[in-house]
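After this come two complexes, each holding chain A, first together with chain B and then together with chain C.
Moving on, here comes the complex of A and B:
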């Protein structure tokens, strides 16, 4: 009993504990919540990183990889990525007079086989110079080149040269030489200009060379100090190879991305904005105005895009050889807004009937307050999703129009025009098609997946599921 | 509760997605196997039956493809190479080209060319396919028709050497005034406007082919429009013409030289301009010849070990300038600057990459005959040494003369084929890096390009010119001030005089010297920048022999072709 000691303090009234009223979890705004849920969606997150990466690639890339996308490296035409770049330094090209002989004495037994074919000089990518022993009774020669062995069926390959003068027993090949193995075949022709059945073949391994002047211009350096003839150097590096005119694929992809992403982002921004204004006006005002506005939107939907693109091109006085990007942008903006307008109008019509709008109105909210505070935030989710889905569509349209030659003017690259160029050489040099096509596919996929993720994250009704 | 529910739905999605993945994999593998099977099956059946398609040894039939359909086959109005090639098979003029590309007697069995005219004696056994003999009157009628102003034949000018031809074509004289007369059914007399050195070449051209008057009139303006609207006097006659789909030629049993013709049927059931699909038809054994290949197709041809051949089609390709005074290209120094940095060798060897093309050096191609040997051997071209510094100096002078501060922007008119685009981009980069000149590429479809050239709406244009007859004049005339095909309106009095001399002189030496002077003027004045002399690479079935390719006249020519038995 005695150990129970009460003091006056024990009889103080308990203070009102305010803490019990506070919410135990941090408050989440709509956007924060959306972000949290977007973060749990791995696909959307990766897509977002890809898109950010693409933007960096496009904007910062050309500062790091400072190669002119229209510079032509004629020594490396259609080189795939990772090709051997070793080249030998040689003297500048000098014309070759060739080899001529006196006609063979008539007493020699006519034999049609050529005795021997030799290289007059080491074979390089500058020139392959062949000479051979004269064939008695020949009236001329034909020179063939193959990248496969002509044996056993005598497929001699490309007819690269014809010589009508029997005294001339040499040929200089300059045609599209690459550091590879060639089989050269020499066939003699008879007095009627027909080829004889026999031929002689020489296997030649061509060495890649560049002249000392070219090396100096390209800023190459030898292994030990200044360049000398015979030094081996590594010629210009193209990480993704080159196209059919020897232009750097990486640089072209970067500049091409500028065009593709520029139009892919600017055009949707504009037409979605127009769509929001138009759709919310129609939805909010309602009645006759709504009817008229939406019938006009239906009319715009029916207009053919390609025709208008051409009309705009003419109306803006875009001459041949000038970029068609601006008319394309205008045509896209002018013709693509109705989809967004319809969507926004539907949302507004729905929200207008909600109870909280009525309550707000009863409490004396003004129209602009209603629109700014209630209507737009509630439609923003839909709008954002439309925007992300519009981007890949527009990138595709740009690619398609550039593919058919309506878009950018050469030498400006765009992914679509690069695909168009690459498809010509698809079978021989697939990298010229694969890279731009890959970039288009990845970008479009990333935007689509991000849009998908955004739709889930921004949908208020899906909040309760977690 | 809600937690449990979401868990099950999550689990369901996971198993569902695994199932979907397996199904997807199975479907992909299944489709891949199916495709492999199908291609294997088609290869099995294809190789044995398809080879019969392209060449049938028993019926002596060859199957070919046509690049396009001929617009019509009226010889007085034909201008395109497909029509001219077909006309070469179904029609025959006074003279023809034989299997060695030499002129040979056609309907005329002998002839005599004088200074003021010519006489042709027609062979008695030359007949139309309905059995009626070909007479001198048929030639008179055809030539008059070609020149009649209401017929508006684009090739009427080729008949101008015949007396009064030009005046009749312009409507100044009635067509009866033409200097050609049928002395009898078998003797044709021709009067010349002025002495003429190359009339034999001309009469082998398709515009000089005969037309029978009663038949022409009975068709009431439909002559040459369809298979029954033509009479044939050539080695073959057309038996099928399904527009846009099929042409079939069969041996003409009324042809005087029928014993010489060894093929029975030339069937052309495919029309395509696309080299890839043409190559696929050849691969499947559906056609015996693919006469047009691009550089992209060569690797496959080599891999398939097909026999490649080449020939020069005789045409010369060059950059033409617009000489209109308001165009910068009218400035000589600007043209000189462009000339001094253009290397046709690089263009041919690195950009076009097709064997057979020769780097262009002159308007006059290497194959033209001179007095004794080739014209270009007798009169070598003045060589241009590439010199970028001199070019920049010329450009500086040009800019001063034009009163401009920076290098001008020039439009380049080209075809819209992939090859032309590639060359245009090459020139664009070349002139930009060497001279700082900005080139705007104007890609147009063939007809539109011609229209723009005729209306002089270009600065620079890629221009190709094929020969109409085997004389340097066919090229030299092109830059005469009166020639409608001189699209850039190059005007040079000395050049015109030299062309007139070459037209009227009969002395080969004087003429060749005139052409040599023209060649010099063109290079000094930079009237053009030669690009290349075009060569073609083509593949032929190994069993088909005797196909003749030529620069002048009907090409390709199958009249002498024959089939060798397969080994």
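Moving on, here comes the complex of A and C:
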């Protein structure tokens, strides 16, 4: 009935053509998954590169750019970047006797403006020597200098010289000369010593000069062998210019970053750590202890933050104008931990109710094991996000304190104190404000964007939101 | 509701006591002596001064006197400005700071809500991109730089016009207040815009909004009655911290724009180590902020019926 012939070979198991269920990709841990997600977030990734770049800038920078941030280059005060660096070698300064004339005969029709102002010698950064034609009825002269054209509103600028002798018709300006254009105005004074309304203006382009001695001290070299009078040399290079005391901006920014980033990163690390310990203790123990601990945290939160920062600095005996990185750090840590503590406590309370904690307890896990193995790793994502957002806040606080003169003391640069100095001369030398402000802004921006990216990558509940 | 209010007020009072005590301890642990200044003081004058400021008594007694005075609302006499009481200083300068702060809050609140709603409605289109870029700038640029730039802009504006449209610094008229309060509110405005945008984005796709549209309501009505009202709630919760930020941010703005407010006075007192003024101002600001936060919480309960205060 059956013509079916079965051989033993038919009872061999069929070889599987393909595996029906395979794990095509290795399973991702939470952190690998987060990293993959972060890598797709272009803004966060760029921010991460910027932060690494800033760290390299401040740690490795001073080895490459070895200029002392507190050394003054008196030839270049408040020089913007890219300024002309050519200096002419001249002989050392010689005093100038000036020019005196006989008083001009008083004509019947007195004109109060002098006929002509001219340069007695070429104007250099060593001295600007002016002489002018006497004004018939003048009893003296005043010399004004401006960095803008006095026309049309007659703004003569800085009064730099007063001459009480009508015969003296010259003035030597030695005050803070820099290689720019100045407008010198000569005003005569009448017999009562009052200034007259008329004035004569001379536009002077000052040439940068340097003596041989100065050039040798500064370590400059001539184009061909030893320095000679009349040679043109290039004075020291400051890529980002100098500040009002002639200190190199780039070097100061590098050292300033040390203060700003150091406080900005170390302080959050510490207060987040304290917050984790405090919050997890409160959350895990629970009950009355939790109530008391959290009420105390509420009080600390209610303290007016910046006022207490200042109070702390005073309490440490550090008055205005003294450096106090350490007290600033302590004050930040003492005042900032409660936010993290609250967050961690909330997380711990949530996790405590999870089934896997119960399972772990059933398997005989001890408390410290539960906290270390389950609770803290599970809150780490949220903590990391808090940490990233805390950095810009702290950098702002440091900058604010330095700005009102309660932060880092003058010889030590910090971005905040550099801004404070830059703001005083913002109209004439904007680069002194722009660079430190730019660095603060970029750092804060980078940390904020990285924080956004981390939150999207790590926090599952926030992920769906914008 | 009443019980809740009472409870919060009581907590607030304890917090203020905590602030006052912390301030007292901090100020009394200062090494050195508040009476030592550049002028030499002989024994007798020193004794007189100590008596005047009560520094000759034991510290517990000083604390009790200090607390007693504070309960009666007396913060003592300034160390550096003789015969000027801290109360006078606060009375004279706080209204200026408060005016500035209120204007800044109004700017920040209105601006934040409007820009946030706008960016959410125009999501990922040009207005959204432009405003969010400005918001990121507003969050990242330090307040003193914004203040300085604001002043610079004023100088430029007046220069362009050829006469003084808005005063560059000082205080007195409404014109003096405009730019400083705008500058002061800017970073808060940026923060509120971000918050409002994300809250609005959630609301836009909510079921009740779809229902409202399907009922045939005009878009403006849906926007005003359904979207804006609901999206505004998270903004109200952060108003407390925002007020705190604006109060302390006022220090910088007052310094840069030469406004005679309490913040500038506080910074000055700190620089001169004027202990009573520092203590008085800290406690005053602390109390102010505590009550502001309580007020915001109570308002939140009134605005959102879902929140039950207990």
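As a working rule, the second predicted complex is superposed on the first by the 348 of 466 C-alpha atoms of A that agree within 3 Å, B and C clash if a C-alpha of one lies under 4 Å from a C-alpha of the other, contacts with A are read in each partner's own complex, and residues count from 1 in each chain.
One rule holds in what follows: a contact is a pair of C-beta atoms (placed from the backbone, for glycine too) under 8 Å apart; a residue touches a chain by one contact, two chains touch by 3 or more.
A quick note: this is a predicted structure, and the numbers were derived from the prediction, not measured.
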Touching partner for A:158 - first (chain B), second (chain C), both, neither: first
Which superposed partner A:383 touches (first chain B, second chain C, both, neither): neither
Which superposed partner A:405 touches (first chain B, second chain C, both, neither): both
First (chain B), second (chain C), both or neither touched by A:312: second
First, second, both or neither for A:427, with chain B first and chain C second: both
Chain B versus chain C as contact partner of A:202, first or second or both or neither: neither
First, second, both or neither for A:138, with chain B first and chain C second: neither
Contacts of A:299 with chain B and chain C, given as first, second, both or neither: second
Chain B versus chain C as contact partner of A:332, first or second or both or neither: neither
Doubly contacted chain A residues - partners chain C and chain B: 319-320, 405, 427, 465-466
Chain A to chain B touching residues, read off their complex: 70-72, 74, 77, 145-148, 153, 155-162, 174-176, 192, 244-245, 319-322, 405, 409-411, 421, 424-425, 427-428, 464-466
Touching residues on chain C, where the partner in the complex is chain A: 11, 14-15, 18-19, 22-23, 26-27, 29-32, 136-137, 139-145, 148, 152, 155, 197-198, 201-202, 244, 247-248, 251-252, 255-256, 266-267, 270-271, 273, 278, 281-282, 285-286, 289-290, 293
Chain A to chain C touching residues, read off their complex: 298-299, 302-308, 310-312, 314-315, 317, 319-320, 392, 396, 399-400, 403-406, 416, 419-420, 423, 426-427, 433, 437, 440-442, 444-445, 448-449, 465-466
Interface residues, chain B side, partner chain A - complex: 2, 6, 100, 295-296, 298-300, 302-303, 305-310, 345-346, 348-351, 353, 355-356, 411-413, 416, 418, 421-422, 424-426, 428-429, 432-433, 439-444, 537
